[in-house]
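What follows is a group of structures, each given as structure tokens.
In what comes next, chain A is part of two complexes: it sits with chain B in the first one and with chain C in the second one.
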Partner chain A sequence: MPRSPIRSLSFRARSVALPALSHALLAVLPARAQVAPPAAPPPARHATIALDARLATDAGIRLGDLVVVAAAPGIPGDTLRVAAFVRRGADPSEVARAEYRVRMHLADLQRVLGYGDRVDRFAIATRDSAATTRAIAGINAAAFGFRAHRSRDIAIETSRTFAVISRFHKAIGVITIGASAIFLLCIMLMKVEERRRDVAALRLVGLSAASVVRAVVIEAALVSVIGSGAGVVLGAVASRLVNAWYQQLYRTPLTFSLVTPGIVGFAVALSVVLGLAAGVLAARRLVRTPPLALLGR
Partner chain B sequence: MSGGLSGGASGAAAAGEVVLSARDVHRDYQLAGETVHAVRGISLEVRAGDWVALVGPSGCGKSTLLNLLGAIDRPTSGTIAVRGRDIAALRDRDATAFRLRHVGFVFQRFYLMPQLSALENIELPMAEAGVARAERRARARELLAYVGLDARERHRPAELSGGEQQRAAIARALANRPAFLLADEPTGELDAATGAGIIALFARLNAAGTTIVVVTHDGDLARAARRVIHLRDGHVVNEVHA
Partner chain C sequence: MIGVLAAASLLRHRARTALAVAGVAVSAAMVLDMVMLSTGMRESFRSLLERGGFQVRVGPRGAMPFDGEATVGGGAGLLDTLRAIRGITMVAPVLGATLHAPQPGGAVAAFALGVIAGSQGDYVLQEGHEAVADGEVVLNDPMLAAVRRRVGDTLTLATGYDPQLRTFSGGRTLRIAGRVRFRYLAADQRGAALPLATLQAMGGDARRDRLSLVMLRVDPAADVEAIRAGIDAALPRVSALSTATALQQAEQRLSYFRQLAFILGSISLVVGFLLVTTIVTVSVHERVGEIAVMRAIGVSRRHVVQQVVLEGLVLSLAGSAGGLALGLVTARWLDSILATFPGLPESVDFFLFQSIPALAALGMLVLTGLAAGAIPAWRAATLPVAATLRREAVA
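Right, the complex of A and B next:
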């Protein structure tokens, strides 16, 4: 089947963000792609549009293709040339959303949507914090019906849910590490218990209690450090796999799993401290038991 | 196997000197609320160069007596002296230090450290005693050569046969030149031929002046000793000199 030279895109606009410059690119949500026969022969020069890379992939659209863009299905629209593809940003609030995004020049967008000069939201770039304060005060005083906010405050407000999720994940991480550490403690105690006879022999041969404790604790420290190192490597590899899997699944550059120096430091420190504690506990228990009792006599 | 050992296998003592003596030694245990009299008033002397075998049926008190002689256990009453020094009342820490420098132990099940090579196992008591690395390595090699394991110094216990492990254990027991060697059933885990090799090694050590006290059920080992002390119910019932 021959590939259609023109595709039709229709939009149902929920919100439009208008930058101060009239030729800035805009984001429109959501968008549905439809493939339809061309409404009219294309003019020699077309306005351009940037399509969501996922839409381009899903609809088989390539750079230079012509698309018909309309505000709703079944109504006439403008024919635009695909000039660029837009990839989604690393925004957790968009991960699970299936909508496609396109970017158009403001004049084209206004014409397609029939919005005229009406805007719901707009953003202003300022030079510094003082200019931002002045702009907020000016807009709130002059533009009736609008309320200006700092982008930082909006970001904080909209990311509150993710902050809670992040804390939740941290709690799960701490519980996991804590449980693993207790497991390590038990393993260490069991391993040392397995060597009761060796320790008894060392004591009978004449090794002091301090030497036995030192040997067990050094071994415990080594096991902890090596185990932590292996855990960090395993965690980093698992993190990469998780990110690779979910990034391709959701087609987003969002980082789902992070192994930060803070997490590594915390895990290693906890592991070493608990490993040492296990070693000291196990060793003290052994050296307090008479060697003959360790030999079962 | 190579010939002799520089500086002797064990600590220097004049031939015939009493290195170990027990006077009216008792050892009682509390077991399930009842008092068990494991050793009942045993007295004996072991002189430098002696080779004493303690024999008797199971439960007669021979291992308990060996533990008392080696400062592993404390008597309920009586005195035990090594070269005139009373060891019966030593605190645990002092008893451990005493064993390190004056007593060589050989166990039935060898008890070599599985992570260490044969050479390192022999170095272990010397390291604990503060012997310099070069010196202890030379001594360990000399001992390994003496017991016929010079080609196995890098082998770990799991890579050695039972007889080789026991030879390494004997070398370890001699590391700090102890006053005497105590061995608890040293051939108990070995087949007859391998056991014969261990007996021959003990004979060679004793001929070189090492004082040996051995607990055994092995008739061949007992017959090789110079003195055989028969125990029964915690008493010495008979003593035979070769």
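Right, the complex of A and C next:
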């Protein structure tokens, strides 16, 4: 049986509100579930709309379906044909927002909203940074009622939330590093104390305190490097799990956890430095004790 | 006797014991912080929503209250409909807008609320009186500071700015009737409130008879959820949110923090477990000869198990006590970081200490410490006595 071009969608009789290109709200109604008829009979060739892929999945909408778009629920709107589905971008500011987004041709959106010949903003592409500076200066000096901003400045202003989250993550990282340092020092202390008798014997046969310290420190470095290697593998696996979990949870391609060579280098270096410091502390404590005392005599 | 032996074992290596306690304390602090984070946000938002005494919020369909600039038309009719619903004892309409105060150095913008004095739940009066009459306005401290005015002064405010003509529209000179603190605004956010009718009139046709939100107070004997669902079903232009549904939506947006809290709290518990297990295992390993002698002279397995488990328990308890203090300090630090979120209401706390969840979290860490001591304790209790004594004597 051929599928009707106007799909009947019974999953939701109510409309779905959508923040559109402007800050206005749109209501998209599956064509047969509409509560009000379109303002005019649909033309032979419908204007097109691109829907959020999540909306398409949730509403069971397919390419070619007709939807009615209105500025508010319950008022007449325009009938548009679904021409594309769009995945939302990797924008952190949208992650926790459940609203759907749609893309329409500017003229269609202006008509639906009754917005006239108005736009919220223009985006301007320039050749290079110097051209951007000249363009901003020129527009701000000559334009009447406009203000030009560098994209980078807008990004900084709108990413204040993420700067806070970044500071929060760093604070958690500081606490974690503190805990790791204590753990490492504890382990090294125990490992060295386990070797009390061996060290005592070595000292009694004439090995210098400096040689003992060097041996212990080398051992600590090896333990740290091996532990760091295991930690890098564990971290990479955990990072993949975190990304897989949050990406399916929020239905976003955003990368939540990133393991970069810089981060790996920092983690390994920090771990080795902490391990060496713990080894030196433990070894110095050991060589200060007389060999016979180490043997328990 | 068991306690004395366990204490002697821990005090034999003071540095190691101190480090172990410090390690457990950091883990406990992290567990406590994460519990405070996961429960604190919910309770803090609940407290914020319930502070005004309104249980249901009605706004434009499909949008969270004040999440955009959407408004509902036919405000008077909507209010009549809501007032007629059984169980609703108070209806408080609100219109949100941005007001501009032309100043010599440039216009100062503020978030403004049109409310009906006496039935509003958005601000707390701190000085003067509410904006009751047409032509009155109340401002918060950041706005008063920005326009350099005091209670009793007058201020010209406009609802619109035409960038083409660079002129303000909907301007009016109002008398500052009072100084207020807004419940839902950030500490540094400029705010103003004026009679609903005044703000609607200043907004012209665009805001005539329009509302951003209606807050409803419900009779304590009435079913809030039933009223909410009834409004949602009967009025297609609006969405009704009860405190519970509003909390659900807020939680959805903040689910990242709740999940982060769960993951970090779980990792901290595992780290605490590993630390106590390692310390007690090494301690038992060092004392196998001593334990074998105890077993040889007739000390029971149960006694040995109790002593080793007690060591783990003491480490966990001491660490948890330290963790409680450390956790409160770090929670305050982390909260001060998250409090800088742009637009976050001043009274929202991400980390909220609640004794029962906090003690439950620390109790879980202590139980983890007990479990961590159980493994080496079993090993100590099942040592082959003769073989261990022979090996230790040779050593």
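Note that the second predicted complex is superposed on the first by the 223 of 297 C-alpha atoms of A that agree within 3 Å, B and C clash if a C-alpha of one lies under 4 Å from a C-alpha of the other, contacts with A are read in each partner's own complex, and residues count from 1 in each chain.
Heads up, the rule we're going with is that contacts are C-beta pairs under 8 Å (C-beta built on N, C-alpha and C of every residue); 3 or more make two chains touch, one makes a residue touch a chain.
Keep in mind the model is a prediction, meaning the values are calculated, not measured.
Student: Of the two partners chain B and chain C, which one touches more residues belonging to chain A?
Tutor: C
Student: Which partner chains sit in contact with A:198 here, chain B, chain C, both or neither? Use first/second/both/neither.
Tutor: After superposing on A, A:198 lies in contact with chain B but is clear of chain C.
Student: Figure out whether A:186 sits in contact with chain B (first) or chain C (second), or with both, or with neither.
Tutor: After superposing on A, A:186 lies in contact with chain C but is clear of chain B.
Student: Classify the contacts of A:291 with the two partner chains as first (chain B alone), second (chain C alone), both, or neither.
Tutor: In the superposition, A:291 contacts chain B only.
Student: Could you tell me if A:175 is touching chain B, chain C, both of them or neither one (first, second, both, neither)?
Tutor: second
Student: Output check: A:148 vs chain B and chain C. Expected answer is one of first, second, both, neither. What do you get?
Tutor: neither
Student: Is A:208 in contact with chain B, with chain C, with both, or with neither (first, second, both, neither)?
Tutor: So A:208 only meets chain B here.
Student: Of all the chain A residues, which ones make contact with chain B and with chain C?
Tutor: Correct list for chain A: 197.
Student: Spell out the residues on chain A that touch chain C in their complex, using ranges where they run on.
Tutor: 14-19, 23-25, 27, 35, 72-74, 95-99, 144-146, 160-161, 164, 167-168, 171-172, 175-176, 178-179, 182-183, 185-187, 189-190, 193-194, 197, 242, 245-246, 249, 285
Student: Which part of chain A faces chain B closely enough to touch in the complex?
Tutor: Touch list, chain A to chain B: 197-198, 200-209, 211, 291-292, 297.
Student: For the complex, which residues does chain C have touching chain A?
Tutor: Residue positions touching the partner: 13, 15-16, 19-20, 22-23, 26-27, 29-30, 60-63, 68-70, 162-166, 236-237, 252-256, 259, 263-264, 268, 271, 274-275, 278-279, 282, 285-286, 330, 333-334, 337-338, 340-342, 395.
Student: List the residues on chain B that touch chain A in their complex, please.
Tutor: Chain B residues touching chain A: 63, 67, 70, 72-73, 92-93, 96-101, 103, 105, 107, 109, 111, 113-114, 124-125, 128-129, 172-173, 176.
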